[in-house]
Every structure is written in structure tokens, then in C-alpha cells.
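What follows is a pair of complexes built around chain A, which joins chain B in one and chain C in the other.
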Partner chain A sequence: MSEQDVTEVTVTVNGTEIEAQSGEMLIAAADRAGVHIPRFCYHERMSSVGMCRMCLVDVDTGRGPMLQPSCMVPVSEGMIVDTESDDTKRAQEGILEFLLVNHPLDCPVCDKGGECPLQDQTLAYGPGESRFIEEKRHYEKPIPISDLVHLDRERCILCDRCTRFADEIAGDPLIQFTERGNSTQVLTFPDEPFSSYFSGNTVQICPVGALTAAPYRFKARPWDLEENESTCTTCSMGCRISVQSSRNELVRYLGVDVESVNHGWLCDKGRFNFEAVNSDERLTSPFVRDPDNQRQLLGTDWGSALASSAEAIRRAGPQKVGIIGGSRLTNEDAYAWSKFARSVIGTDNVDAQLGDGLPAELVLGLPPATIADACEADTVLVIGPDLKEELAILHLRLRGAATKGRTQVVQIGAATTGSDSYAQRSIRCQTGEAAKTLSELLSSDDPLAKQLSDGSVVVILGRSSVAESVDPAVATAAVIQAELPHATFLVAVRRGNVRGALDMGLAPGFLPGRTRISNPSASLTEKWKQIPEKSGLGTSEMLQAAAAGQIETLILLGADPLSDFPDRNLAADAIQKTKTVIAIDNFATSSVAQADIVLPATAYGEQSGTTTNIEGRISRVAQKITSPGSTRDDWMIATELAWRLGGDLELTSKEDIWREIEQVAPSHAGITLERVQSSEMFEGILVQQSSIDLALPVPKDTPVADGYGLRLISGRKLWDAATTTEQSPSLRHLAESPSIKVHPNDLQRLGIPSGTEVRVISTRATENLTVTADDNVQRGTAILPFNQPGVGANRFIDATAVINDIRIETL
Partner chain B sequence: MGYLGGFKVTFMKLFEERVTTEYPKEKRPKPSRFHGRHVLNRYEDGMEKCIGCELCAGVCPARCIYVRGADNSESDPVSPGERYGYVYEINYLRCIHCDLCVEACPTEAITESKLFEFSFANRSDAIYTKNELVVGDDGLPQRQPWELWHEGDDLATSGWMRATASAGNPDYENRVGWSGELGYGTRDPELGQHDSASDEKPETLAHEHDQLEDVD
Partner chain C sequence: MTFFTDENLALAEEIIGRYPKPRSAMIPLLHLAQEQEGWVTDDAMTQIGELVGTTSAEVLGTCSFYEMFKRHPVGKYVINICTTMSCALMGAGDLMKHAESRLNVKSGSTTPDGLFTLEGAECQAACTEAPCLQVNYRHQYRVTTDQFDELIDELALSDHDVPDHGVLSQIRQHIPEDRSVGAVPPEDVKVAPVWFSEDGGS
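What follows is the complex of A and B.
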């Protein structure tokens, strides 16, 4: 129904007249009017099916009252509804009695017991006693339908919520009703587990305890949970969640339904990686390198660890200090570090991105779009990573908008993606040549060219492959700016609070509030003692300088360049040649293990503050538990170090920091502490979107491939060797073992059978890997996922090259 | 009488029978529903009755019970079903022996013995863990060195009944349907309980029972 057709209608519910919109279901109208109608199958984010019959109410449309399911009846003018009539009550009692015929009364051992809609509604609307004495239906007690979800078919009331979610929302119809009548049950297909990235949502929406999550199994009961509303920072989507703990231990995250971001859905990575926060592997006290045995880290106290860190920073001097990372931090922490770097150390060598994102200029400067804009735009042009793998909930939102016909998704890229199934068009190009393909498309007489130039366009721009440099993405931005000036951008940088860190000035050449270093605001020069005059180095340049011996002290602010920087050789060289590496982190990652001083920081759930998502929306991160050992907040570490270097950040609390951010950052002006602490933060507050002047560099030409090599394409997977995934026992085995995927014809040409181990050679490394033939891979290319356990693609990548080629040889 | 009038009650009491006893030299018999130190019971086959559901912890007004559940292993289950009480602790510095935990327990796992004479030299001894609470292989409560057990303190530890029906009917009287217990077998109904041979139903309740005949 288009928007013009919507008219206001008046419906009488329990004697009160309420306004409703024509076309909407009676149950939704009643909800808005504050009249609760019991339900099991109805869910406001999914289509109505009328499966459970719990929402039967007396509806009179002029033909006398009759029982009708309110989730299937659209409102109409003059409708008279009674949700409390005797008939309604009898129907409700009857339905509940029927549901309980086969539902086992094992509530005491059921994870849902205590927060179970069936339990609650039986108490509220059900009969006091049951008349059934017959044996109930029996099935094998919980069967794992995936690595994360257990199914107990005895408890299932066949409401179709999980199966509808899997089919309609997630697009992974891997669970379905089987059999008929009394034997109807939800099941997976034979030998095919419910391996959806979104399987955890079915557990959250299950109205009984039929679907339970393995990581939460028997961890706590609902009445001993405490919860805080927060924002997930696993990726940069900023999904709103409820963080739940029991006895000072995080036990569960639930999605919170906000219109602007996640609609209540979460990906399994974000939902279940709370296990990492509780991990025994957490760093809980500072460490320093043993002077006698360079291979060993010794436990120490904060005083001496901070003193030696300050000494290393002082000795190096402002030009030879570099700070890498910061996207794990809250906005407040990032601001403190930004101020510490510039005002106290006097360096501009700061970068929150790890060489796998886009230049800060593009992230902050391109005309911005929101997620909602993307879902409403005529066309969404995706030139970037596989959204399903990197920004899973953005993929879900786009999929929803595209399948409902609200928007058309067009992709340009070298590899197949998870968006292919709902894209209007997926244009395949050579890796690194998306810009060329796009300008060819726009100058052709393809109807798509007209669709793009005439209608509204939101571009989701990112790095399609970490094995290509930023140049192709910059070139794409330049083409779009020139030929589609009306297009707005959603920049797909994926790491936690990277957007907020860039906003706070953790990027070379940028100060808080999206101002360039050459043009600081007046209030900033007043608050900050000094501001470097020249732009500093980004992560890539810093690591190159370090490898050349020009960086003496490197601070890793929650960064693991050995795993996350595209070029492992360069990162390893840089860390080895740097005199002092100071790591501030939660875990002993591969880079932290190489550091000289290790300072333990508080993790997610242990710190409060704000975070900024991919669209520039600020939302709250809440503290729920106390941090282990002597870990400290990142901003405290910055102020302590500043103190020891003879400076003072003049920041004493997170509230203090926010007040200062609001004063000095032009983009954050008007977002006062009061607003940040108000209920406005439920949906989040958008940062003022003022585009800055862009001076896009002229991109280099993509080198021509030789006949022997294969172009390497490397994107991330949802399940990889990321620290929080590795540290979550339920998630760590979900990453695939690395194998390089090549088109079968290419393999045939090389005379290598699929599944064998081969030697993979690049300019950087020679390693043995298993090769798999895959029809979906373009000829002449090879796909190796980034950051998988074992041999990751970062060993083969040369960060200075525009494109990386590899060769495959038999052993 | 004058000022002596005030002593009238005192003098009269001198010739009445004494109601106090010389505790601890002399001990009075305890009532059959006496609330003492808890025990965690086992089924006749030795399986623990506790399923780790935390209902006792949830209902406890003194917040003295800490329970955590865990998955039963298929080969060596601790209790029947999926879940068992992995941690079970009662802090006796806080417990007020109200017996609400006993009423809340869906499996008759936790009941109270009649032992009340126990003292501690330190606070951690006051926190009874599952090892101390669960009955021994003979079904009898384990006796700790600091506890003073008397004859009969451990008998009829599960002598309890549900006060009301799940529907909230205060006249409802449950049928005896409890499970067998290690060391005791299935206990006979007590006087006043349904199915008890010597029990005579008041007329007003008989009608109630006809209606509830098909329950459970």
C-alpha cells in the first residue's frame, strides 16, 4: 500500500475510541493505544500468520460480535472491539489449555522459565487447572540444530516465529515445519545445520523455551539477571542491546528494538561474544619485558609500568612516537588519547584505523547518509566489502528494504557476496577496477545508468578487498562525486567505534569535531596546550617509518597490527625494530605478546561512555560489571601518562570529558551532557553532518596482471580469528580452516586437483595452503579470507602495492 | 493491699507449673514441622533431587541461597533430566529458617532437618556447600563436627506438604504424590493428608475433591 492510501480510521476498543491507520492490523493499533492483546506468533517486525490463535478478540464490524484473530484483521472504520468479553476469555482459556496439552511442565529446568510468554500468559489468561491427564508428546530432549542453538521440540508451540525469521528476515530458510498434525515439528534439513549468522535471534523471539542458546544454557535464571541498556561495539553498526549479568559476570546480550538501527536483531558474533569479557585469558595486571630474558614478560605494578612508559615516550620525542588504534575505545576515551597525543606528547602520528579502512578524509568528508536513508533510497550502490560478513545487520536492513521493494541494491565488485540474492544487479569487475566499471556503466545506455542519475542514491563505500590498496576505493569515490553529485555515502568502515575515534581526532591531520589540524577551533586552542602544525603519519606510514627505524616508541591502543594490518611482514618488521612498544589491551594478542610494556585496560561492559556508529549516531555504552584485577579505563591511562610527562589533561571523569568534547568539537556542539544522559539516547543522537572539503588524491592505475599469477582477493568473514571470537569458547571453532578458492578452470590449467595442498607464492611469502575449486570465483582471481586461524591472507599482502598477485604451484 | 497489690501476679505465678526448661541441660521434644538445618535429598537410586532451578534462591527472603545449574552429562548424570545443581550454598548467618525454599522446591530436593544447635568459629564455615548439605549414601544427613545432633533430628526431614493449590485455593489439599527417598523409600501419608487411612474428610472439602479428582 503506498503512503497516499493511508487514512485515519476510528476504532472502538473496550469502549474507548482510538485512532488507527487503515491497513494496519488490529493488534498493532491496540498496542499503540495501550491495550495489550495476548499473542505468541505475532511479531511486529515480521508478517502476520495467525498461527497461534491467542490474539482472538471479539470484533464487531456491523454484523454482530465474532471472534477474530487481531493479528490478521486490518482495522476498519467503526469497528467495535472487545478484548475482555466473556467469549474472548473463553477463547483464550481454550487456546492455552490446548497449547498446554503437549507442552511439558519442565519450567524449573527451562532457560525461558521466569520470562516465558507462555508461562506469563497462562497465569494471566489461562484456566487455573488443566483437565488433561494423558501422557504428553515426547521427543528427544534438546537437539543441537546449530553450534549455538538447541531445539527442544516438546516445548514448541508451532508459532512459526523462528521459521518465519529464518525465511523472511535472515534469508537463511534452514529450519522448516516437517510432518503433519500432532507430529508437526520444526526441524532442520538432513545434514544441514541451522548455520545462519543470525540464529541467535530465533532464541530471543521464541515465545517458549523451545529454542535456547548454547552459551546461555543454564547460566542463570531471569530473576537473578541485572540489565543495562547499551550499544554493541563488535562492529561499527552500533546495534542497541541489553547487557545482562548475573553475579558480576556477563551472561547474555539481547537485541533492543530501535527503529533507526537494528530493529531488535543482532548477529551471532555480537550476541555471543560476551564470553570473551569473562575469559580467564584477560590481562589483569601490567607487564614489562624482562631485562635479563627478552623473551619473557614480567608482572609489575602500575606505578613502574606507567613510569617506564612515560620515560619511553619522553626519550623518543614527539616526532618518534606513534599511536596506532583506538576503535575499541569509547568516544570519551578516544578524546582523552587524542588530547594526550597532541597536547602533551606533541605528535600527530595517531591513527585509529589499521590500514584496512579508508582515509579519514573520506570517512568524515563524504556527504553522509543514514542507515534509514539507505533503506529508503531509490538505489543503494554497494561498492565495498561483503556486508553480510562485515556489517551483518546492515545487510539485514538492506535485505529487508530490498525484498519489500522499498529500495534497489546494485553491487559492483570482484567476488560474490551475501547480498547477491536480493540485489537488483550484481556487476562483476576485475578486482581494483570498480571505478572504471562504474564510469563505463554511467556513460552507457543501460537503464541502470538512468536509474542512478535520476533517482536518489546511497553509496555504501568500503574496501572490497584488503589485498588491494585504498586507491581503488578513493577512485570510486572520485567517480561518484563527479558523475553522481546527488549521491550520499555510508562509509563501510567496520571496526567498533572507529567512526567515533575519527570524530575525536584519532586520525592524522584531524582534530576533534572533524576539523583539520591546520584549522583548529578557537575553543580547542584554548583548552589544548599545543597542537602540532603538520599532519602526522597514518598507520601504514607509521609502520613503514618504524621498519626504517624512525619510530622509537609505538603505542598500540587496543590494536593488533600483526593480525589486522593487511601486511604482516611490515607490521612484524616495525614491531621488531621499534625500541619500545607499549600495548594497552584486554588480551595478550600476537602483537601484545611482542610488546615491551603491557597495560591492561577495561573491556566492553566494564566501562561507560558513548560510541558512534557507522552513520554518525552517538549512543550509550553502559557499564554492567566491575573489571577484573587492576585494569583501568583507557582515558585514565592517558591522564596518568600525561601527569608523568609533566602535562595535565584536566579530565577527571567521563562526564567531564563529554562536557569538553561538546565545547571543543564543532560537530558535537549542542549535544550536551544532559542530552546524552536523557532518554533521547535510546534512538541515539546523530552528529551534525557537515561535509568537509575533499582533496581526493589521483589514484594510481591498476597494474596489468601477468599470465601466470592470480589476483588475490581477501575479505573478512564474520567468523574469523578476531580476538573476541577466539576468546569466546562457543564461537572459536566456528571459523573455517583457511583454504584458497580458485575457479575450477584455473585449477585445471595448473593441473591441480581440488582439495590438495599447494604452495602459494607472493612477493611477501611462500606458504602451503589447501586449494579448493569454486565456480563462484572469477577466473584469474583467488580468494583467501583475511584473518582466519592458521595462514591468514596478511602474510601474502604487500600493503604498498595497489593489487597483490599470487602464484600457485604443486608441492 | 497497698503497694503489695502489684506483687499479686508474681505470687500467684510462684505456685504455677514452670513453662521454661533448663536449656541446654534439658531439651524439649521438637514439633514435627520444626525448621532446622537443611538437607539436600536424593532419590532411592542415589540421584540428587536438586535440578539447580534456583527457585529456592529466588524465593529466599534473606537472600542466603546461591545456586547455579549445569548440564548433566549423558553418561554420568547427577540428577534425572537435563539440569542439576552444580553449586548449592546456604549461608547460615543469614538463613531465617522460614522454609519458603522447601515450599518452592519443585522436586522436594531441599527439606529441613530438626537440627538447630550448630555454631561456627569462622564465617566461611557458616556457608554450607553442596558437599555438606547433600545426604550421604545412607540417605541420612551428614554430620559436621560443629553440629550437635540428637536422636530423631534427622527423621522425617521431608515431612512437609504443600499448603495451597497452584491455583491459589487455600482449601486445596494435595494428594500425597511425593517421590521415594534414599534411605526411607516412599513415605506414608501423614495424618490429615489425603489418602491417609485414618483421615476423615470434613464434608465441606469432599465436594472440592470430587472436582479435583482428575488433577495430576
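What follows is the complex of A and C.
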């Protein structure tokens, strides 16, 4: 039904007239009117199937009352509904008695007990007693259907929620109803587990305890749980979650349904990586390098660690200090660090991105779109990373828009992606040449050119490959700005609160509130007193300077350049040549292990504040548990260091910081603390204002491949060696070991059989890796995931090159 | 996955081509797989999934819904003795008992030589001819115990015209080019069907 056909209709429910929209299901209209109709299979984010019959109510459309499933009956004018009639009650009792015929009622040992719709609705609407005395159905008690999800078929009431989710929402129909009648059961294909990135959602929506999550099984009972509403900061999508703990330990995250962002869904990485917060490997006290044995870190107290840090910063002087990282931080913490760097240290060498993102100018200055805009646009043009791997729930939203709505997804890129299955067109281009391909397309008579220039367009723009520089993405932005001026952008930078960190000025040349350093607001100048005049260095330049011995003190603010910066050699060289490396982190990552001073910070769930997602939406992150050991919030560390350097940030609490942000950051003006603490924060507060006028540089031409090498393409996988994944016991083993993928013809040309170990050579490194032939890889290219456990692509990449080539040789 | 023989693969492609959506060919392909192997193997389901563009799990879901797709090896001849009302009244119970002792297997199992699988089945729509049974879905009417023995002897000697289990028909449908209505997905049908037009399409 198109939007114009929707009309208002009036329906009488239990004697009260309610307004509803024609076409909507009765159960949804009743929900809005505050009348709850019991249900098992109906889910507002999925299509109605009428499987369970729990929602039967008396419906009279002029022919007398009749029992009808309210999740399958669209409202119509004059409909009279009784959800409490005797017939309805009898039906409800009957359905529940039926459902319980085969249900084991093992509530005392069931994870769902206490929050189980079957339990609750049996109590509220059930018959109280069963006439069934026969033997119940028996199945093997829980069988794992994936590494993360267990299935207890005895408990299943065949509501089709999990299977519907897998097929309709996730697009991974790996679980199915098999057999029929009394033997119907949910199953996977033998040896083909339900390894969907979104499998955890089925556990959350299962109305009984048939599906349980490995990381939560038998961890807590719902009545011991405490919860706080928060936002996932694993990637920059900002899915809303409920953080749940028991006895001061995080035990579970649940998705919260927010219309503008995640519709209640979470990816498994975001859902289950709470385990990392509880890890025994957490840094809980400060460390300093042993002066007698450089290879060892010694435990120390905060006082001396802070004193030595301050001393190292003072000694280096503003030009020789660099701060890398900040996207793990909340907005408030990022602000404190931004202020500390500029007003106390006096340096502008700050960068929240690790050389794998996009210029802050693009992120902050391109005309912004929201996720909802993308899902309503005529065309979404994706030129960037594989969204399924990097921004999983954005992928889910787009998939929904493409499969259920009228949005056409068009991709331009050198590699296949997880969006291919729902894209209207996936245009393959040469590595780094998306801009060229796009401008050729736009000047051709391809109907797509007209579709793009006449209809609404949202561009999801990011780095298509970490093995190419930012130039191709900048060039793409330039083409779009010139030829599709009506297009708006969602900039696909993926790391946690990177958006918020940039908004708070953790980027060289930028100040809080999306302003350039040359153009500070009056209130900012007044509060900060000192602001560097010139733009400082970004991560890449800082590391280059450090490698050249021009940085004396490097502060890693939750950053691990050895794993995350595209060019590992440069990062290693930089860290080695820097006199003092100060790391503020949760874990001893490979970079932290090289640091001279290690300051332990509080982690997610242990700190409160706000975060900003990919579209610029500010939402809340909540503290649920107390932090271990003597860990401190990042903003406190900044304040302490400031004091020791003779400055004063004049920030005494997170609330305080927010008040200051609201005053000094022009884009955030009017977003008062009261608003941030109000219920408005459920949907989040969207900040779209920006005073940045873009001056896009003229892009360089991509060098031609020499025919001898293969052009390297590298992106991240959802399951990789990311710290929080590695520190989560349930997730750690999900990351595949790295293998380099090449087109079978290229392999044949080289005379190398698929599956063998080969020598991979670039200007940066020579390493041994397994090579796999893959038809989906374009000829002349090689795909290597960026950060799998083992050899990552960062060993081969030269960050100063526009593109990177590799060679493959037999051992 | 390679399960189908080259010949059957070509046939599979042809069958898929008859439908506007490849998925619609799933059941015909399951029959083809059963014809080739006598039962539907996991490999067959995986290849069918690949051919029609779905997951193996979806093929399994469909396949396992239907009693007549066997997902374990069965004999060359599957004997279904009707056990529903009319047949039961006319001696199906005795017939089954006799069959079990003659074949020396329990209902639901296969003889060690792999020739016969014995099963009880629901009404076969031949109630007037009770008790009845089917051999590879070919009816035998008013079966006495003697007739049953005779039938088994004939089958064992291959002195009969019952094809192996899995073969639905020995004549394969072929739609000549000029009789084919063409495969157009419903959403692409833009004109009313001929029988809707005033002159009946003539």
C-alpha cells in the first residue's frame, strides 16, 4: 500500500473508540491505544504470520463477533473488538493449554524463567490446569546451533520468530522449521551452523527459553539483574542497548528498539563483547618501564605515574608531544582531552583517527544525512567499506530498506561485499577508481545516472580499502559534490565514538563544535585561554615525525597503532624512536606493551556520559558497574595531568563538562544538560549543524598497476583480532585466521595451487600466508583482511602510498 | 557441491528454467535427486540450494516437510501398506503382520539386501479396494497374503514394471517451445491474461 492510500479509521476496542491507520494490524493499533493483547509470534519489526493464535480476540465487522487473530487482521472502519470477552478468554486458555502440552515446564533451570512471555502469559491468561497427562515430547536437551546460540527444542513453541528473523531481517536463513506436525522443530542443516552475525537477536526475541546465548547461560536470574539504558560503542552505529549486570559484573546486553537507529537489533559483536569488560586481563593499576630492565613494566602508584607523565610532556614541549586516539572515550572525556592538549600542553597534534578513517574535514563538513534519510532515499550510494563487516546494523537497516521499502542500494567498489545480495547494482571498479567510475556513469546514458540525478541520494562514503590512501574517498566526495549537489552523506568511519571525538576537536586543526582552529568561538577562547595558532599533525604525520625522532612524548589514548594503523612498520618505528610513550588503556594491547608509562582507564559500563553516532546523534552511555582496581576515567586523567603541568581544566564532573561543551561548541549550543538528562535522549539528540566549509583538494591520479604485482585490498571483518573481541572468551575463536584471496586465473598464471602457503611480498614486508582462490576477487587484485589474528594486512601497507601492490611467490 | 550427474544437472537447469523464480524448482529438483539416488542425500540438498539460490537449511526445511522425500537410504522397493480405516477393517493389520514375517523386518525398516522397505501409511484414496498397498507409489488392490507373497517374489526377480524407488514416472514431461507460456514472474505481468480479454484472445 502506498502512503497516499493510508486513511484514518475508527475502531472500537473494549468499548473505547480508537484511531488507527487503515492497513495496520489490529494488534498494533491496540498496542498504541494501550490495550495489550497477548501474543507469541507477532513482532512489530517483522511480518505477521499468525503462527501461535495467542492473539485471538472477538472481532465484529458487522456480521457478529468472531474470534480472529489480531496480528493478521487489518483494522477497518467501524470494527468492534472485544479483547476480554468470554470467547476470547476461552480461546486464550485453550491455546495456552495446547502450547503447554509439549512444553517441559522446566522453568527452574531455564534462563528465560522470570522474564518469559510463556510463563507470564500462562499466569495471566492460562487455564491454571492442564488435562494433558500423557508423556511429553522429548528431544536432546540444548544442542548448539552456533558457537553462540543453544537450542532446546522441547521448549520451542514454534512461533517462527527466530526463523523469520534469520530469513527476513538478517538474510541468513540458516535455521528452518524441519519435519512437520508434532515433530516440527527448528534446526540448522547438518554441519552448517547458524553462524549469522546477528544470531543473538533470536535469543532476545524467542518468547520462551528455547534459544539461549552461550555467554549468558546460567549466569544470572532475571530478578537479580540490574539494568541501565545505554548505547553500544563498539562501532559508530550507536545501537541502543540495555546494559545488565548481576553482582557488579556485566552479564548481558539487550537491544533496545529505537526507531532512528537499531530497531532493537544488535550485532553479535556488540551484544556479547561485554565479556571483555569482565576480563582478568584488564589493566587495573599504573605501570612504568623498569629503568634497570627496559623489557619489563613495573607496577607503580598513580602519583608517580602521573608525575612522570607530566614530566615527559613538559620536557618534550608542545611541538614534540602527540596524542593519538580518543574514539573509545565518551564525548565528555574527549572534550577534556581536547582542552588539555590545546590549553595546557599547547599542542594541536591530536587525532582520534588512526590513519584508517577519513579527513575530519569530510566527516564534519559534508552535508549530513541520517540513517533514516538513507532508509527513505530513492538511492543509497555505497562507496566505502563492506558495511556488513564494519557497521553491521547499518547493513541490516539498509537491507530492510532495500528488501521491504523502495530504496535502491547501489555500490561502487573493487570487491564483493555483504550488501551484494540486496543491492540493485554492484558496480565493480578498479581499486581506488570509484570516483572515475562514478563520473563516467553519471555522464553516460545508463538509466542509473538519471535515477541518481533526479531522485534523492544518500551517499555512504568511507575508505573502500585500508590499503589505499584517503585520496580515492576524497576524490569520490569531490565528484559527488560537483555532480550530485543534492546528495547528503553518512560518513562511514567506524570506530566507537569517533564521531564524538572529532566533534570535540580531537583532530588536528579542529576545535569542539565542528569549527576550525582558525575560527574559535568567543566563549571557547575565553574558557581555554590558549589555543595553538597553527594546525598540528594527524596520526600519520605524527608517526612519521616520531619515526624521524621529532616527537618526544606520544600519548596513546586508547589507541593501538601497531594493530590499527594501516602501516605497522611505520607505527613500530615511531613507537620505538619515541622517548616516552604514555598509554591510557583498558588492556595491554601490543602498543601498550611497548609503552613507558601505562595508565589504566575505566571501561565501557564503568563510566557515564554521552556518545555520538555516525549520523551525529548524541545518546547516553551509562555506568552500571564499578571499575576494577584503581582505574580512572579518561577525563580525570587529563585533569590530573593538567594540574601537574600547572594548568587547570576547571572541570569537576561529567555534568560540568557537558555544560561547558554546550557553551563553547557552536554545533552543540542549546543542547543543555537538562535535555541530555531528559527522556529526549531515548531517541538521542541529533546534531547536524556544522560551520565547516569544505575545500576538497584536487585528487591525484591512481598509479597504474605494473602487471607484475597484485593490487592489495584490505578491510575489516566483524570477527577479527580487535581487543574487545580477543578479550571475550566466547568471541575470541570466531575470527578466522588470515588467508589471502586471489582470482583463480591469477593463481593459475603464477602456477600456485589454492590452499598452499606462499610468500607475500610488498615494499614493506615479506610474510608467509595461505592463499585461496576465489572467483569473487577481481583479477589483478588480492584481498587480505586487515586485522585477523596472525598476519594482518598492516604489515604490507605503506601508508604514504595511494595504493599498495603485493607479489606472491611459491615458497 | 557436486551431487547430480552431468545428465541430471542439465535436466535440473532445464527444470529451473521453467519457473520465473529458481526457488520454485526446489521440489522438482528434490524429486530428481531422489530419482538419482533412491533417497535425498545431504549433498543433494546442498547442491539444490546452490542451484536455486537458497541455503541448504531452506532445502532441508522443505524436504523434511514431505513424508515421501526420504532422507535416509530406503530399499529399491518401498512398500506402503495402508493402515487407515477402510483398509484396517478389511484386514490391513493381518497383512502388515504377514508382511513383517515374510520380509523378516519390522514396519519402518529395510531388508538387509536393500530390496524392500516396509512402511505403514495413511489412506491411499483407494478405500473401495481395501486392503491396499503401494509399491513405490504404484497401487495394488485388495491384497491377500498370498498375493503379497507373489508380489514379493516377482519384485525380487525383477519380473514386473515397477521402477526403482524415486522414479515418479517413466515419461518425462517435455513442453514444446510453441506450447510454453513462458516464465514471467507475477510482478512482471503487465497485461491481463488472454482469457480476461473480450474476445477470449482470438
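In the analysis below, the second predicted complex is superposed on the first by the 808 of 811 C-alpha atoms of A that agree within 3 Å, B and C clash if a C-alpha of one lies under 4 Å from a C-alpha of the other, contacts with A are read in each partner's own complex, and residues count from 1 in each chain.
Quick note on the criterion: a residue touches a chain if its C-beta (ideal position, glycine included) is under 8 Å from a C-beta of that chain, and two chains touch if they have at least 3 such contacts.
Keep in mind the model is a prediction, meaning the values are calculated, not measured.
Legend: residue contacts after superposition of the two complexes on their common chain; A:174 is shown touching chain C, with no touch to chain B.
Contacts of A:221 after superposition on the shared chain: chain B is touched, whereas chain C is not. Of the two partner chains placed around the shared chain by superposition, chain B is the only one that A:141 touches, whereas chain C remains out of contact.
Across the complex, chain B is touched by residues 106, 108-109, 113-114, 128-131, 133, 141-142, 217-218, 220-221, 223-224 of chain A. On the side of chain A, the complex with chain C involves touching residues 167, 172-180, 187-192. Within the complex formed with chain A, the residues of chain C that make contact are 42, 45-46, 54-61, 64-65.
By the touch criterion stated above, chain B contacts chain A in their complex at residues 51-55, 57-58, 68-71, 81-83, 106-107, 166-168, 212, 214-216.
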